Amino acid sequence: MSNPFHVTVWGEFRHEKKNPRVAEIYPQGMHESIAAFLRGPDIEVRTATLDEPEHGLTESVLDKTDVLVWWGHMAHGDVNDEIVERAKRRVLEGMGLVVLHSGHYAKLFKALMGTTCSLKWREANDKERVWNVMPAHPIAQGIGEYFEIPAEEMYGEPFGIPAPDELIFISWFTGGEVFRSGCTWYRGNGRIFYFRPGHETYPTYHHPQVQRVILNAVDWARPSVRIPDACPNSAPLEALPHDPEAHSHSAVGYK
Amino acid sequence: MSNPFHVTVWGEFRHEKKNPRVAEIYPQGMHESIAAFLRGPDIEVRTATLDEPEHGLTESVLDKTDVLVWWGHMAHGDVNDEIVERAKRRVLEGMGLVVLHSGHYAKLFKALMGTTCSLKWREANDKERVWNVMPAHPIAQGIGEYFEIPAEEMYGEPFGIPAPDELIFISWFTGGEVFRSGCTWYRGNGRIFYFRPGHETYPTYHHPQVQRVILNAVDWARPSVRIPDACPNSAPLEALPHDPEAHSHSAVGYK
Amino acid sequence: MSNPFHVTVWGEFRHEKKNPRVAEIYPQGMHESIAAFLRGPDIEVRTATLDEPEHGLTESVLDKTDVLVWWGHMAHGDVNDEIVERAKRRVLEGMGLVVLHSGHYAKLFKALMGTTCSLKWREANDKERVWNVMPAHPIAQGIGEYFEIPAEEMYGEPFGIPAPDELIFISWFTGGEVFRSGCTWYRGNGRIFYFRPGHETYPTYHHPQVQRVILNAVDWARPSVRIPDACPNSAPLEALPHDPEAHSHSAVGYK
Amino acid sequence: MSNPFHVTVWGEFRHEKKNPRVAEIYPQGMHESIAAFLRGPDIEVRTATLDEPEHGLTESVLDKTDVLVWWGHMAHGDVNDEIVERAKRRVLEGMGLVVLHSGHYAKLFKALMGTTCSLKWREANDKERVWNVMPAHPIAQGIGEYFEIPAEEMYGEPFGIPAPDELIFISWFTGGEVFRSGCTWYRGNGRIFYFRPGHETYPTYHHPQVQRVILNAVDWARPSVRIPDACPNSAPLEALPHDPEAHSHSAVGYK
């Protein structure tokens, strides 16, 4: 696949307008901070936010999106169901999806998982240590054995997800919890990665290893194919030796 | 878990009223034929159909349902979204679900899978040979190496599902196709089994090994727990700090 | 399957003879303590130890063993390769296997996993909190959200295992580590469960929830079939329409 | 990872010397035919065979091998256990492994799987249709919906393998069988791919889509890391206790 590839970072962009602490950490919005560290010669990045028309996710934007990154929290319910369905269809066709932190409760993520996506949580400045349990995975490259985030919101098990196809990171929290923090799923022709860190009141997206994981993830999630959905009536491929008339409905019976 | 347990067989019950061939094979409806071979001293079975109020799936019926069996085909679109959501919630809490044949396209199954659930198909009296690839699985007990269905609709790959947690059966068709015909998924606290055979114009649910698989499946899908969804704010569990000297060997004991 | 079923608890039984602390906690040996809490009207339990002839695992003992429980540590190298091969064959035929703590490095477990089974470790009286991440699993019944072991040896990631078929428990340790503590694998027709806790210098096998997990596990691991290995030459099952003479070797070519 | 990368194709190279039919199809040996279609500007390929010293798999050859391709059949028992152990260690450290056809019974593959790796088989010129059930997988690129091999040995289920981490191809055979023909496993830091086709008396390795799959597979199996085995005693990582007030929002920053 030729470079550059195209990433769209979607941000809810509400906390930044209401909470001065968040605005201080992410002056241009969380989506712009994320976009900034993803941009490079190989990656073209645009952003989209909730309050734009169609949440910034028009068909034409999605046509040019190889990987969608999603951060949302307080306004999941404001995301239009039609846009959710549109983005879900794209993922199943092949578009990559990287879901961050409280995006575990985004309609899009829940629709793709089919489960509750619930978890435990606590805002108490826990230290988080993110352990790398699959060091050969492309998303874990450059991460080492583990990394620490000095203060974060805690997310704890049980996490209401289907068993991940690949479990890459498990987090440890000071307060006594664990969490499956880095998980992949193959859904349709698309690749999905969920990554736990990133509460809006902490500077987590300025953390170099958090950035490295997200950068690895968008590269890993790039599509290799785009296949529209179909449920075709198919002619027999084999010259049937089996006589389709042989089993009349009256002739077949098990009683 | 004490017996008997409770199974609800849901049938669309439309083909039987419109197509005399189907009515001839299943005079009381497909759901009643399925219910009949499931009934026994350990299993209490009720049925429910599309055209009953709330499709027969009231909260009180679901309260008493350990495992729901689902057959639908021509009228998936007529199933009310609220009832789908209700049944999905029950599965995630712990209720078992057995989805049959064209139920691959039921709203309930698609919502739990998160994928297209599309497939290839052909009505041409193909012979189907169902291979048992996981002979130690509870659902495969008594099935042997394989069994044959002399005439069935063909379903072919690619099947638009998440990779099954357990792949039990793979079908071979005369016309040259293969299909993952028996698949399990763990979703939330519930167990889901999809089983391919059962086109309405064939007497497939009178086939002894098809019956045996479905009987095994409802037994396997019985819930061990029922846990309502929650996303709790949690106090820190750890009384900090940990004193490595605090637990002398003499001080620790469970007797 | 009719009860009672038969469990053999295998213990290395060396630490108990050399270390008075271990002998004090497990006066009859660790294997006898484990056997004692497993015994019941439905379960007949025998024990076997390293220094018996054939390590107590004769063909006739294995003939009567539905589930083998394994604890070993300091003397993995003294286990005879032939006995390892014998027990491995039984697991692949259908016998259940429950591997405890330092049994992660047993020849039998490593041969069934195919991987290094390495891990991090530390003897420092860490508190361990064992989180239940799959509450609907039969092995997790009665365990609740988590349980604590006040002092244990630490085992940390990365754990050199194939991705478990089911991940049931994840441990948190005071010192900052996490570990996949309860894992299942389906291998051949047998079921395998690895359970982390149980360092010999702690009274871990007197802990009520540790006992409950092991009791659940032997019940879960009971065989449904016993199928000897075979690699059969098979006659065609289908009346071949395909003419086996049609493709003479000279006639088939891709260049 | 910089190109070119290094592939070693290992061939048993016995059939070619004994059976004129095989020698006619593969005049330089099967390993040389496979090596020939893999060679390119990005891939340096060497070959190694059973009757060379150390079977051609010296430590120095393995030092320079990113991906090992393995074909063996009649002489699995002649492969030295020490060389098997050496190659297995390399896979677990990160080296890729592509196992072809009757290599399902190679000591190396069986040691990595931990299972019997048995299957059904028949030499009867069956037609094989290889279905692509995971079209977005890198190994399936360029393959399309399915491809046909006009005459091959049949391999049938049950195949005695651990459930594959990814199931990419399922084969249909004229005689009525199915087989999981393209399977991946992640083991340690290495990637393993098994690919069914390739009986020595057919020109299967001249088939363009078979070649494409193997070429895709060696690219997919390239290592991202090489990590030697270790089981370290670890100091506690956490400086205890954690002060929930210690990380004020102004104090935490990564820029």
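Per-chain residue numbering starts at 1, and chain names A, B, C and D are given in the order in which the chains are listed.
Please note the rule applied: a residue touches a chain if its C-beta (ideal position, glycine included) is under 8 Å from a C-beta of that chain, and two chains touch if they have at least 3 such contacts.
Bear in mind the structure is a predicted one, so any value in this text is a computation, not a measurement.
The chains in contact with chain A and with chain C alike are B, D. The pair with more inter-chain C-beta contacts, choosing from C-D and A-D, is C-D.
With centres defined as mean CA coordinates, chain D is found 30 Å away from chain A. Per-chain CA centroids place chain B at a distance of 35 Å from chain D. Of all residues in chain A, those that touch two or more other chains are 124, 126, 129, 134-135, 156, 163, 165-166, 174, 176-177, 186, 188, 237-238, 240-241. If you draw each protein chain as a dot and join the dots that touch, every dot ends up joined to every other dot. Taken together, the chain A residues at the contact with chain B in this complex read 88, 92, 105, 111-116, 118-122, 124, 126, 154, 156, 160, 162-163, 165, 174-177, 185-188, 229-238, 240-242, 244-247, 249, 252-255.
Chain contact summary for the complex, chain A toward chain D: residues 21, 25, 94, 124-127, 129, 134-138, 141, 146, 150-151, 165-166, 174, 186, 188-191, 201-203, 206-208, 223-225, 227, 237-238.
Residue ranges of chain A in contact with chain C, taken from their complex: 129, 131-135, 145, 156-159, 163, 166-167, 170-173, 176-178, 180, 239-241.
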